[in-house]
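There are two complexes below, and they share chain A, which is joined by chain B in the first and by chain C in the second.
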Partner chain A sequence: MSGDGSEVRVRGRDFTGYRIGGAIAAALLFLALVVQGWELFDGDARTVPEVAWSAAGDAGGESILTDEILRDRTRLQSQRFRSGPSPDGTAETFKVGDAILLGNRAIDDEDAMLTEIWRLPDDESGSLLRGSERIIGISSLPYANAALFERPFARDWRLGLADVVTHVGAFAILGFSFLLALVLAVRGRVPIAKGRTDRTVKRFGLLERANHWLTAVSFIMLALTGITIAYGRTLILPFGEELLGSLGWLATWGHAMFFPPFALGLTAMILLWTVRNLPSRLDIEWLRRAGGFFSDDPDNPPARKFNAGQKLVYWSAVIGGLLMIATGIFLMFPFWFADLQTMSWIMLTHALIAVFLIAIFIGHIYIGTVGMQGAFWAMWTGDVDRNWAEEHHELWMHELDKGR
Partner chain B sequence: MARMKFLCDTDRCIECNACATSCKNEHEVPWGMVRRRVVTINDGEPGEKSIAISCMHCTDAPCVAVCPVSTLYQTDVGIVLHDKDTCIGCGYCFYACPFGAPQFPKTTLFGSRGKMDKCTYCAGGPEENGSEAEYSKYGRNRIAEGKLPLCAEVCSTRALLAGDGDEIGEIFRERVLHRGYGAGAWGWKTAYYPEDEA
Partner chain C sequence: MGGFLIGASLSALLAVVTYAALVTFDVEQSPQDEAALVALEGDGERY
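And now, the complex of A and B:
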């Protein structure tokens, strides 16, 4: 790399406060990653019974009595010579009226023992089994999905959502945040190496900024409502079922409410910025040198208004956003455009793209705020420091200077 | 411990829809939703069969696993119940259910579908057993009265069996032995033994 080190007046590592903050964030995120790693293997992936039946007024041997009542009643369905009033029949012991015989109580120490017992067929049950297959017939009942008998794919969907996407998403979001915090702690901010000047240049007009924040706020709200739905059980349930129910309800509505502004913002963004974000030869050099991110040297690879990193963010927003909008519309109108099978796949795609978009935009937020000195003002006031512009967008600066 | 299951003998089901009708009546299931359905396959062809289907109250129930709030839960006899107060209408259970059991009052957009409804195995919901509040949300609680689901108990040909899995399995096997043929327990592998390789 060329450049004269003596020009560097501000160093990344001098931002001590930011670096301490980064270190603390990195430590916390590392803990979160460890917890998430534990979640993978803690064996709670199975459904566990949470409520027990018990016979009213019988403190000891409750489950035995419940058992007896239900088994006796089951035997009534046997052949009449067995269950009915016949010499060989067994007289049923429990009188059955309208009185409440059984009550419920929450199981205190939930474990997967029952599930583990249930899932293994004994020889007798095993002899009854037939293969799992997708079966759809006809039905005379007035309901859209009435003809469906069996759809084994649904169990794979559950694995795809509850196990794969949720865990991949948590690792992507936490892992990337951890890396960024670590970078901040070790490297500090990307400085305006030659220091601030008193002179600024106009980088983004009012329309560009307003539209950016419209899209940004609606994206963040879509992300937060989505996270509430996807991770509410982990993040919110510890604070109470009622809270999760209320927040979940707000989130389902909010998720649909913030879709129109997001779609509008994204469309305007495409109209405003596509031309300047088309790939060019400069981007290769920029990417090869990683944008000069890791050095305080002011001689960064040359860029016009948008460098290759910004172009990547732009195209993730456009392509990812359009995919999210398309899949979202399919999901908002069940059975309009797609059947249950197609909707299942669309739902998984929607969730998977979402978690990666969230991770990518955490990176965008990082570099636009704490990650780089002076970057935030481009999108807030619209004016950036001249030295900042020279260092990061020298070709764009030259264009501006020539135009003057 | 008893494990509640449903078993429909396809060689006996005559598609009379009494199970579906009595279920709707017993629980006053709202218009547009059917907790218990009868599906006919190969209609009008040799090998035509009818099967009554509702929630199967699965082992390692996928709906409970994907529910983002704490609406769906399972009891120690295998019955899967739902709490209408916390349901947010997201529809995840609907995607995860292998039998199309969860239903919504409206097929409109995410959030405005209303609260999910599904078969309760005639076991009500989280409210006090037999209470008015429970009846208005979930229908009759027959299990608390020591009875089994009405759909099975009302079945005129005893095609639909409900109750402890070992007992109904025994009833079915004996029946198959006696008449000399049987098509097995439809849906049991998907519902109760998903990981069984046999």
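And now, the complex of A and C:
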């Protein structure tokens, strides 16, 4: 693949090892997506705390159902199961008399346990079933939320954060990764079509590279700690409560600790790269031809130092990063600047932007490493192959040549 | 690789400095929390 002869043609599908790796990754990610899809539609009421219930005892199945106290308990337990007034409480075990014990093991068919009074609620149980209302009382405690007794919006918020954002996020991250792995498997790498030469050009200086890695390392740490906070119960709890506790503690601290380096890196990035990332007419043609990424032709759409794809990544980092910093500051100082309602929306916004930023930067990491031949060295050594530069940043190469 | 080492080290260094600052200045409490604590400690009989 060496030499600069025009007869050399490297094709994406020549990278067999990368394509096999892509196929394996795609298969694993597809499996993860199927599991995630199953989780979404398996009927679990995930935002409702799972107060599972059952009846056990030596009084015999018939007599259990006729027991008045047991019937009341059953009704209350069922109510708790559906509406979940106590998300933090542990499922209790009730002892009803000597013979009957209500455990917290789920029964197979809960309908059989539902009593007549549950299906046709009287006034007493009807009051349990009514819609929730916002109730604020009076409290002598000098704390704004102490008097807030019931807040229906919190359930919408909990649904939004615990169900919608986490599921959308998992689909966005896993789904996008799956598509990239599939592209690698089918298309192979974006090649240096004319082959590598032994000549390089300087693409990024030490300051640019150091700042890129300052921001990148901080972002990855923030993403990993954030994922631990958001998905810890799903991803870490199966390995033990102690591990979740330890990693959760580390993640909570780590998430705050890596915010200043990220903010510093982003600020420097804005100063270093904004001018070269301003949109231009060239970007339309570049986007129309998808950067030539799906063709092995060396004649890619022309670009200056940054092409439209890199500009999109840059502006995602800047706009998304600034929004994450702004919302993050509110979350680091709860109730300093915002009330409970505003805090809820800020947390939801923070989580939603985070998952999309993670997805975008998985794409960035992909194209900067396995996805494109020769791209990684731009940020590692700072020098890129001359053919790579001519194929992907033709106008920037002309600028360099003129300057010589 | 030099750029990576500088960037990663700076990130780690700033993270440690942030940890020290957060622990030293104990910024976890909101003004409302502090007001509540002052009220509780200052007038124990009442509560």
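The rule is simple: the second predicted complex is superposed on the first by the 308 of 404 C-alpha atoms of A that agree within 3 Å, B and C clash if a C-alpha of one lies under 4 Å from a C-alpha of the other, contacts with A are read in each partner's own complex, and residues count from 1 in each chain.
As a convention for this text, a residue touches a chain if its C-beta (ideal position, glycine included) is under 8 Å from a C-beta of that chain, and two chains touch if they have at least 3 such contacts.
Note that this is a predicted model, so its numbers are computed, not measured.
Colleague: Can A:Trp213 be said to touch chain B (first), chain C (second), both, or neither?
Modeller: A:Trp213 sits against chain C, while chain B stays out of touch.
Colleague: Does the superposition put A:Thr342 against chain B (first), chain C (second), both, or neither?
Modeller: neither
Colleague: What is the contact status of A:Pro334 with respect to chain B (first) and chain C (second): first, second, both, or neither?
Modeller: both
Colleague: Contacts for A:Thr369 in the overlay, against chain B (first) and chain C (second): which applies, first, second, both or neither?
Modeller: Neither partner.
Colleague: For A:Trp157, using the defined touch cut-off, is the partner it touches chain B, chain C, both, or neither? Pick first, second, both or neither.
Modeller: A:Trp157: touches chain B, not chain C.
Colleague: Name the contact category of A:Leu264: first (chain B only), second (chain C only), both, or neither.
Modeller: In the superposed model, A:Leu264 contacts chain C only, not chain B.
Colleague: In the superposed arrangement, which partner chain does A:Met221 touch: chain B (first), chain C (second), both, or neither?
Modeller: In the superposition, A:Met221 touches chain C alone.
Colleague: After lining up the shared chain so the two structures overlap, which partner does A:Thr234 touch, if you call chain B first and chain C second: first, second, both or neither?
Modeller: Neither chain B nor chain C is touched by A:Thr234.
Colleague: If we overlay the two complexes on their shared chain A, which of chain B and chain C does A:Thr197 touch? Say first, second, both or neither.
Modeller: neither
Colleague: State which residues of chain A lie in both footprints, the one left by chain B and the one left by chain C.
Modeller: 140-144, 253, 256, 332-335
Colleague: Please name which positions on chain A make contact with chain B in the complex.
Modeller: Interface residues on chain A, with respect to chain B: 45-53, 63, 66-67, 69-71, 73-79, 94, 96-104, 107, 114-115, 118-121, 124-132, 135-155, 157-158, 161-162, 229-230, 232-233, 237, 241-242, 244-245, 248-249, 251-253, 255-256, 331-335, 340, 343-344, 347.
Colleague: Sort out for me which residues of chain A touch chain C in the complex.
Modeller: So the residues of chain A in touch with chain C come to 140-144, 204, 206, 208-218, 221, 253-254, 256-261, 264-265, 332-336, 379-382.
Colleague: So in the complex, the part of chain B that touches chain A is made up of which residues?
Modeller: Going through chain B, the ones touching chain A are 1-4, 7, 15, 17, 20, 32-34, 37-43, 51, 53, 59-62, 64-66, 68-70, 73-78, 81, 85-86, 88-92, 94-100, 103, 107-113, 126, 129-130, 141, 143-148, 152-153, 158, 161-175, 183-190, 192-196, 198.
Colleague: Show which residues of chain C lie in contact with chain A when the two form their complex.
Modeller: 1-4, 6-8, 10-12, 14-19, 22, 27, 30-33, 35-36, 39, 46-47
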